[in-house]
Every structure is written in structure tokens, then in C-alpha cells.
């Protein structure tokens, strides 16, 4: 293993942990809005970290570009969908969770 | 180009093509339709005459068209076919004239005459068929073209009659088909041959052949109205009189009987059939039908129904003649094919005239009708006496040969049947004649139509008179060269005496 | 070992998802599970070294079919007089006509029989791969799947484009459908679609181009294009009426049409249907793929839209 | 002259022309009707041209893409394919003529493209020698047929079409699974190659089961016929004719072809199963037809029965070979003509009277003599009465059955004919009553009456063409060469 | 490294299985959709890892298409399939 | 057992699962889903067995077939869904009427 591999491993594992957290959040949080929050963490940060981990390994700039594009797209989709779902939920009168 | 090869086909086409044209004619084109009909009938008659002359002088007329790779549609003019062809083409002409008069002004005439022509084409085809598959083809075509004629009136009764006709004949057709195919798988040929083509088959096939014979007789027996397959015939009396005449004298029943003649003589061969032991039961069946039909006729008040049961009975004379399996009985049976046709058609024309002119449908209404319609009843009387077997009318000749044949074959019991049936014939015809000639006429007839000074329309009057005269002539001139009897003798000769 | 575990997990996941999707009493849940099933299928294709299919599955199987099903569900609810009847468990149980285990018994036998048959196949078989490799040189492309699709078995592909067209004709001949309720798009969706559409088009072009030598090709590109259309439709975009007439139809038949014309021309020049001369093969294939991409994209979007465009206009 | 005709690639044109025509009809709906009529007529000419080629040069081969099997797809036509193409062209032309009068405005613009594409798919199917290619053609044909069946958008049509679609898709998938097994077992999808390679093995049997089940479902053999009556009865008349006369035959053709080339030589008892199912289908379909009160359903159930006849050839072919297959082909051809005529005639009655309740048809049948004649002539062929194509088919079948002493089948064949007579005359009996027209009637264009009548005449004429037709079917000896036709 | 990629892919798959629970549990349609969204993202991640194991850059294209289309299904849901009726079910 | 056969078996089971669901469910949307699952099963068998070449690159012919199959499947699904919707609009019920025979 060369040094860049260590970085990559760390990033990848961190990403996986964010995914785990996202899943846990999805399972454990009490209502749609809070679950949305958890989900976007997995989307944005989890995938972001994994992409970074792979960028370190990437062999060509094209691959790097693709990886980043993928991340950006997922970010965009995630954000928009989260927005749409939240807005839809509010419009449809789904109540916020109160302790 | 050998024209002789096309004449049998032309005979069939001479009624088929006018028929197809007639279908497309408008209802009101009476003259064109009648012209077509009569022209067709005359052309046919001329062609048949040509063939008669030719065959008599040893010419050969045969049409062959491929139907299946190793089976052909064969139309051939032999003595037996010509006998039947002549009968049907002569009677078609007469019946056409009669029908034109009878149906004047009634609806759906184009349809009627179209199917009428088809029906005759099919009959001629049946007569000329040179092998079993061609026979089957025209036999089924006959079924299909008669059905519309039976239901022509369109009433509920007519529909039921048509239904019953179909049930019987389609079923019969299926049995015949089965027998035919089976035979074909055994022999690989279906060509009608004098003295049959089955002799060469080994013993092991005999049980199968007996079953095939039974299948074919059952299939043909439906149209030949053998008891117990006769149920449709009296019902079919609802059809217009020309149709009844055609059904009874020319086309349908005759096709059935003719088929039996063909099967016994030219498929199995008389001697082979006797060897198989199938002619005995057939004779008994015929005898039963003769007696049963006569007995039933005795108790019918409806004139046409009485005549219908008479037909059932008379047809079986032919079957009987065939089944006795001797040369002289054969002559009697075959000649009766013609004689019964002439007499019965006269009788039906008369019945039609009575119904059409005076509205008489029942025997009990016939008091004194002889004075109102002397010509018609004279024809009727000739027909009736002929049926009874009185000399010198045609029926006598048939019965004479049948009786002689039975004696020759050592089957004396047949004489008893013939005598009994003649007595019964007398028992149901003589009261009619007595009523017609010797009872006082009623004040008014049920439904009278006036035809000026004539007793009825020419077109209605001539056919019965002509056919009755023909019946008389066939009896009196029986020994003339072209008489039915002469042909019947020719046929019997071929069957029994030629190598 | 890890490989094995991954495959086993994928396989089991596929079965489990399929079972749940098919047996879920709630229709929406069933569809969502089915979409998830499609995603896993794409992973399975990757594991089976079939990236071309994975691409197609990702675009069509998981993406478009999901959108189609969801839109249909929405319209279904709209069509129902009584919304409560949609997929409520009580209803579902009442509708079972015979004991549910009854068909299961013969089907278990089918599974056992087919399973045995599959296992009885020899572990090594080259199929036609040697022939494909041998002729790849003269096929005009270096991606073997594209070579098979557009050259060796191009005739199948021609007919397959016709299948798409037929489906669209069928959908259009059934008249437009009520759209169901639709909320206003909102600025976010609007922006999203504006931003994503060029990306979609770029990706489609890229896939089309790359298909000659790497996974990708007309179907994948076409589906991506179709997905772009779907997104635009969802965002409330509509074409001008004039464009939905002949121009739209021209685009729809461009793929199969070009294919037929090429088939005819090649037959006249080379003697056999779709026989390309090796020099022209690659350019012909690129031409066919380009037209096919447009057609596939337009057809998929039109299928999602439902009725014939002008019909729909009359309804709203 | 002859050389020009033999040089034109008719087989390929049979596929490409209707394909282009379908697209052109879609692009320019205004010319759809004319284009459809012209192209279906050209289709007839092309089949004649192809027939000329095949008769002078022997079987037709065309390696699509120039690759040849097993890598590429081969087109192939022998006598059997030629006859199927010919009947498709003839019936197709009849349907086109009929449709030009039947469909109006909107339905017309929707009908023609789909119809031409079905025609292209049918031709492609009969010309294909590649089992995967057959799958694709089946799908084109199936989806287009479903769309056509649903064309009127009525409730019955929609539910019939839906059932049809599901059955179709299920059949296709089952077939495709079989194709997958054959490919992976023997490394090819070319029928000729497979015929050499395939050996009896679990793979083969499973493929036979899957392919057989799929095609039997598409052919609607009892007990998998459940989808047929609703779909065929609720479609527009020309579509019903198309479905019953041609589409059902297409899957039967594939089954026959694969059986002849691949599965049949391996033996097995599947043929007996087909025979039994066929027999039950004949009886069940006929009895159901007799029971119907609506004409279109009656005709549809009659199709179920007549399909049964086709399958009776399988058990008989084991020892009779050519003869039994000839019978099946003849029955298929004459059924195509007769059933198309029957459905078209039914369509006329339905249009004229506004309903198809058999009990009330008396007011309709007698007013449409040409249509009634068409129905009657078609009925003659369906019943198997002489002279008709149906008669020849049944004769050959009976001959084979009797020669082998298969009494059960003999009884079934005869009984089926009797029952057919029952349901045909149930309708025709209405033609002669004297009822007056009670309600508004709608005029039936002459083209519609004549299309039905001419197809029915065709079915009758086929009864006289057995020798040429049977010698045509022998080209390339699709049924094996052990018995040469004289 | 290969082992790590595979292990992570496996881990993410298991993670995915756990997330499935939300699809079943609901309770609202939105929840189901969200888990499908997570599903999609995870699948992208798994694909990226698999691409690395196979050293096949073409798999990145698959991931790219995934990422592109992730939005389409979700938008279809929000715009079309999401009906009002679930208001009262959202009580946990 | 190699992964080839694992996936092929999964394909077989998917096919049967779909068939089972197709039979027991009355709701048309479920029937359509079932058909799709069956299709995926067949595709899986086709592609899994294509990997038996013994080399890195699998047999491309089944891959092309499956791509064709996927397009056919999506076309059929779209048509089926539209038909289902029209039928539902007509009958108010997304199931096939029991039997339209009279």
C-alpha cells in the first residue's frame, strides 16, 4: 500500500459510516422531515467521501471528471427531491414531529 | 381436344351455371329467369340424349379432374348413370315448368330457382359420378342445396322440417364419409366397377367390409328413407309442391337409393355382397320398410303425407330388388327407379294442383273433385293404379320382374311382401279414387282460384298429365329399344353376365 | 469468498425484493419495491460482466419503468371512483379466487425441474463468442455487443425498433388518458430540469459515441434521452402544438425508417439485406444508432406521456 | 421476363414493404387507406414472385447481413412457408378491402399502420429460420394484434385485449426461456444448425416444454384457449378475421416448424398429449360454440375447435408422416380463408343489424344475401363438407386415422364435423324466415360483402386445388423426404 | 485493496437491506420514496466500488446513468403518484 | 457451485415467482409487475449462462438478446399499463371481469 491508498481507505470507510448513519437515521427518526435530514447526509457526505476515496485512486482525469459529475448529480437530485418531498409533505398536511 | 371428355361436365354445368346466374337476378325478372331455366333444362336434355345415343353405340364419355393427388373427380356416363340422368333431366324440365306456374307471384323466387338448379346439378352429378368420392361430393352438395328449398316458406314448421332434414342427412353424410374413407384406406381406389372392386381383398378384411357396408347403407339409407331413418321425409312435406315432387321422385330419395344400387353393384358387387352375407339383412330391411310405409300411409288424412309414406314404401322396392341379388330382380329394382319416379311425380303434381287450385290438402276434402278437375284426377288415377301394380302401367312391370326375380333366387317370402304391399296400396289409394270420382262435390271448395274455363293453369296441368302418360307409356312400350326396361336389362347384363 | 458472499447476497436480495414486490398488499409499496428490484438487477448485471445490459437496465428497467408504473398508479387512482379500494388489504384477500397454495405446488415442480436443467448444462460453453471475436474486425465496431446488435443480428434490432413503434401506436390508438392530479411544478423542479436536461443530452451523446468500442449504444443513449423527456414532462414542459404533428412523428419513425432504408440500400449494393461493406460499416452503424437514439428517446417519452399529444390538448 | 422475376428479392420485399408502408401510414394518415390497399395487393404479387423463384430455384435462402448462420440470421422459405405466406397475402388483401369500407375517420388512421406492421411481422415470421428472431416477430405481431383488438375502446374490447396481451406476454416469455435453454445447451439459435446439434437431453426436454407451452398458449389450444373467445369476439370484424385466420396460425406454424426440425425426431409422448388436447378442444370448442347466443362468440369458439383439429395431426404423424402434416396444413389454410370470411360476414351482419344476437338475426341474414352466402360457404368448409378445402383436410386426416386404426380420433373428427354443422346451421337457419326488418339498419358497403364472399369462395376453391397445393408444400420437403408426392 | 472494495460493497448492500425496512414500514408514501432514494444512492456507491474492483471504467457510466435517473423516479413520484389520502396515517 | 449457476438459479426462481404472482393476483398492475419479474428471470438465465466461456469476456450474443428483450419488455409494459387504465376507466375496476361469456 502506498500512502495515497491509506487516504483512500480512510475516506471510503468514513463514507460507509455515513451511509450506515443515514440508514439508521432513516430507520430510527420519528417523522418524514427528520428522516429527510438523515437521508441527505448519506447522499451528500457518504457518497461524497466514497467518491473522494476513489478519486484518489483514479487513473485518468476523465475518470475523475465522471466521478465528480456523478457526485454532483446525486447531490442535485438528492437536494431537489428532498425539497420536493418536504414541500409535498407540508402541502399534504403531514404534521411535524413534536417531542 | 376430346369433346367427349367434357360432356359429362357440361351436363352438370348446364344447370349449375344458370342457377348461379339466377341467384343474382332481381325478383321481377321473371321472363329472363324462366328462359334461363328452360334453356338449361333443354340443353341438358339434348346433351343427355346425345350421350344416350353414344353409349348405346359403345362410345365413352368421361370427365376426370384431379381432386387429391391420387383421387380424381370422375364423371362418367355408363348405362346405370344414364338411366338416372335421363330420368332426372326429363323430370327437371317438367318440374321447372310446373314450378314456374306454381310459384307465380310468391316471394324469393330467384333464391328458389337458384337452389332448384343447384339441386338438379347435384342430382345429375350423383348420377354421373364415376367413383365414390365424386358421389360423396355431389351427395353432400345435394343435401346443402335442398335444405333452402325445404325451409323456403320460412314458417316455423318449415324451419323445424329443415332442421330435422339436416340432422338426418348430415349425420348420414358423416357415416357415408367414414365408410368411404375406410374403404379407401383398405383398397386405395374408389372407382365404380361393374361387379365391384373388393373381390381381391383377403378374408381378414371381411369383418371390416361388413361394417363398412353397414355404414354406407346407413348413410345412404337416410336419403333413401329406409325405416328407421325415414323420419325427415314426411316432415319435409311442408315444402312447396314442386320441391316435394323433386324430393320424392327425382332428387333426394333417388340419390339415396341410387347410391345403394351403386354400392351393392359397383363397389361390393352383388355376388361378393351375397358372399359377405349382407344382402339378406338388407332385403329384410327393405321388406320391413315396404310394409311399414304402406301401413303408415293407410292412416294419413293429409294427402301429401299419405303420398310421402307411399314413397317410403315404394323406394324400398328398388332396394329389395337389389338385395335379392339375382339378375331378374335387379331388372325389377333398377327399372322401378324410373317407374316410381314417373308415377310419384305425377301424383305430387296432382296433389299440388288440388292444393293450389282448390285449397284441398286432406283426403277427406276430396269428395267429387274428379268432376271439378277431371284431367288432374285422371293423371292421379293413372299414378295410383301404377303404384298398386296394375297392368299395363309402369308399376306392373317393376313388380312383375321383382316377383320373378325373387322366385328365381329362391326367396319366395318376397312374393308375400309384394302381394301384401299391393293390397295395402290398394287400400289407401282406392278410397281416394272412390271419393274423387263417385262422391258428390261440396258446395264450395276450401280455397278456390278461377282459371277461366280451364280447370287450372296450363303450367300446372300439363306436367301431371305428361308424366302420367309417360308412366303409362313406360309400361306399355316396355319392350321398345330405349325403354327403361331395356336399359335395366342392359345394366343387369353387365353386372351378372359380363366377365 | 467475499465475491461469493456478495453474489449470494445480491441473489437473495433479488428474490426477496421480487417476492415482496409481488406480494405486497399496498400497490405503491409494490412499485417502490419493484424499482428497488430494478436497481439490484443492474448490480447483478455488473457482477455478470454485462455492463451494456446494466446501462440499459439502469436507464429503462429501473428508471423509466418505475416512472411509468408510478404515473400509471396515479392515473389508476384518478380513474377509480372510490380511492379507498386501491390496494387495501381487505379487498385484496377477497379477490383471491382459489387457494393460493394451489398453483404453488406445480410451480415448485417447475422450479425444481428447470433448476435441474440449468445445473445440468456443461460448466463451459463458448456459445457464439468465438465467431463474434473472429468477425469483430469486419463488423465496424469494437464493442462486441454493439457488433451483434447492429451488425450480426441487426435484423433483430430493426424489428425491435418496430416493437417500440407498435407499442406507441397501440398506446395512441387507445386515446388520451386523464392525467390525474398534478401539482404545480415549483421553481426547484423547474431549475432542476433546466439544469439536468443538457447533462442528459450530453450523457446520451457520450453513450452513443462510446458504444462503438465500449459499453453503451443506441438503446442506452435513447433511454437516457427518453428519461430527459420524462423529466421535462414531469416539470410541466409541453411542446408547441405544431411540433407534435408531423415533426414528432418523423422523429418517432426515424430509427426504424433509417434502418429499413439502409437495409434496402445495402441489399441493392451488396446483395444481402443489411450487409455492410467493411469500410462503411462503422459509419453506417453510427448513422443507424444516431437515428435510433432519437427515435427511442422520443418514443419512450411519448409512451410515458400516454395519449397522442393533440388528443391530450383537447382534454385539458 | 422469367429472369427479371427470379432476380427480384421477393422474400425480403414481403417484409420491408409492409414495414415501410406501416410507417408511411403513420406519418401521412391521409394516404393510409390507399397505401394499405396497394401494398397488400403488391404483397399478393410478391408471394407469386417468391413462389416462382422457389419453384424454379428450390428453397429460398437469404443470409441477412451476409454473415449466415450461426452468427447472423437466415431467412428461409420452403413450400410450407410459401403456402403460409400465400394465405397471409390472400386473406390480408381480403381484410384490406373489407377494412377500407369498415373503418371510418379516426379508427381508420389508427388501423392501417398497425395492420401493415402485423402483416410485416407475419411475413417476417414465416420467413425466419432463427428462433430468437421468431421471438421478436412474435412480439411485433402480438403487440400490434392486441392494439388492434382494443381499437374500438369498448369495455368488452378492452378486457378482451387485456386478457389477450397477458396471455401473449406469458407465452412469449415461456418461449424465450426455451430459446435461452436451447442456445446455452447447443450454442445456436439457427433452426437448421439446431436440427443437427440437438440431442435428447434434459435441456432439450425443458426447452420443448417451455416453447411448446408458450406456443400452445398463443395458439389457444385447449385448455389454454381461455383468452381467445373474448379477444376474438370483441375486436372489430376485420381484426377478428386477422386474429383467427392468421395470427393464431403463426404460432402454430412455429410449433410445427420446430417440431419438424428439432423436437419431433427425438420422439417422446408429447405428440400424444397434443392429440388428446386437440381432441378435447374439438369437442369443447364445438359444444361451446353451439351454446353461444351471440354470433361473434360462436365464431370465436369455432376457432377453438378448429385449432384442435390441427393438433390431431401430431400423434398421427409419427407413422404417417407427410400425409398427416399435409392434412394439418390443408386444414390450417382452409380454416384461414373460411374463418376470415366468417368473421367478415359476421361483421356485416353486426353492422347491418346493430347487434349479433343469433336469435334476432332473422331480420338481418335474409337482407344480406351475399353475406349469408359467404357465411354459408365458409360454413361448408368449416364443417368439412365437400367440395371445400376443409373437406380435403378432413379427408386426409380421416384417411390417416383410419389407416392407423385410431378409432378415437376417427370418432372425434366425425363428431366435430357434425357439431360444426350444428352451429353453422344454427345461424343459417335464420336466413329463410320471413320476418320484417324491425329497426333502423345501416347500409353495408359492397366492398365489405364481396371481400367476405370472395374469401369464402377461396375456401371452397381450395377443395379443387389439393394436387397443386400439396405438391407446393412438398418443396424442400419440410415434412421429411420419406414419401414423395406423385 | 480489492478485498476492501468488496467488503465495503458488501457492507453497503447489507446496509441497504436494513434500509428496506423503511419501505415496508412506511408509514407514508414519502417515507417509502425516501428509502428508495437512499437505495439509489447506495447503489451508485456500490457500483463505484464494483467498478474499481473490475477496473472497468465503463461501470462508471452505469453509475452516471443511475445518478441521472435517480431524480426521475423520485420526481415522478412526487408529481404523480403522491396522493393526499395519507394524511391520517402519519401517526407513529 | 459457481456464480454462473447461482444467478441462473435465481433467474429460474424469479421466473416461477412471477408466474405464481401472475396466476394468483387479480389486480392488473400486479399482473404487469409479475410479467416484468418473469422477464427479468429469463434475462438473468440468458446472461448468467453466457459467462461460461472460461475467459474474461462473456458471450456477447445473449447480451444483445437481453437488450432487445428489455426494450420489448418496456414496450409491452407501457401498452399494458395504458390498456389497464382504459379498462379501469370503463369498468371502475382494475381487474379483469370474471368472464365475459354470456
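By letter and in written order, the chains are A, B, C, D, E and F; residue numbering begins at 1 in each of them.
Assume a contact is a pair of C-beta atoms (placed from the backbone, for glycine too) under 8 Å apart; a residue touches a chain by one contact, two chains touch by 3 or more.
These numbers come from a predicted model, not from an experiment.
Shared contact partners of subunit C and subunit F, listed by label: D.
A simple rule picks the central chain: find each chain's mean C-alpha point, then take the one closest to the mean of all protein C-alpha atoms, which gives D.
Chain pair with the larger contact count among A-E and D-F is A-E, by C-beta pairs in contact. Centroid distances from subunit E, each centroid being the mean of CA atoms, peak for B.
Between the Cα centres of subunit C and subunit E there is a gap of 19 Å.
Subunit F has its Cα centroid 32 Å from the Cα centroid of subunit A.
In whole angstrom, the spacing between the mean C-alpha positions of subunit B and subunit C is 73. Distance between subunit B and subunit F, defined via averaged C-alpha coordinates, is recorded as 67 Å.
In subunit B, no residue touches at least two other chains. Contacts with at least two other chains are made by residues 132, 136, 139, 143, 146-147, 150, 153, 177, 181, 183-184 of subunit D. Among the residues of subunit A, those in touch with two or more other chains are 69, 73, 76-77, 80, 84, 88. The full set of touching chain pairs reads A-C, A-E, B-D, C-D, C-E, C-F, D-F. Across the complex, subunit C is touched by residues 69, 73, 76-77, 80, 83-84, 87-88, 91 of subunit A.
Subunit D contributes residues 9, 12, 16, 19-20, 22-23, 26-27, 62-67, 70-73, 75, 110, 113-114, 117, 120-121, 124, 132-133, 136-137, 139-140, 143-144, 146-147, 150-151, 153, 177, 181, 183-185, 187-188, 201-203, 205-206 to its touches with subunit C in the complex. Put simply, subunit D touches subunit B in their complex at residues 369, 373, 376, 380, 383, 385-387, 391-392, 395-396, 398-399, 402-403, 410, 414, 417-418, 421, 425, 429, 431-434, 463-464, 466-467, 470-471, 485-486.
Across the interface of their complex, subunit F is touched by residues 3-4, 7-8, 11, 14-15, 18-19, 21-23, 27, 30-31, 34, 37, 41, 44-45, 47-50, 52-53, 56-57, 60-61, 64-65, 68-69, 72-73, 75-76, 79-81, 87, 92, 95-97, 100, 103-104, 107-108, 110-111, 114-115, 118-119, 121-129, 132, 144-145, 147-149, 152-153, 156-157, 160, 163-164, 166-168, 170-171, 174-175, 177-178, 219, 296, 300, 303-304, 306 of subunit C.
Residues 15, 19, 22, 28, 31, 35, 38-39, 42, 45-46, 49-50, 52, 61-62, 65, 68-69, 72, 75-76, 79-80, 83-84, 86-87, 90-91, 96-97, 99-102 of subunit F are the ones touching subunit D in the complex.
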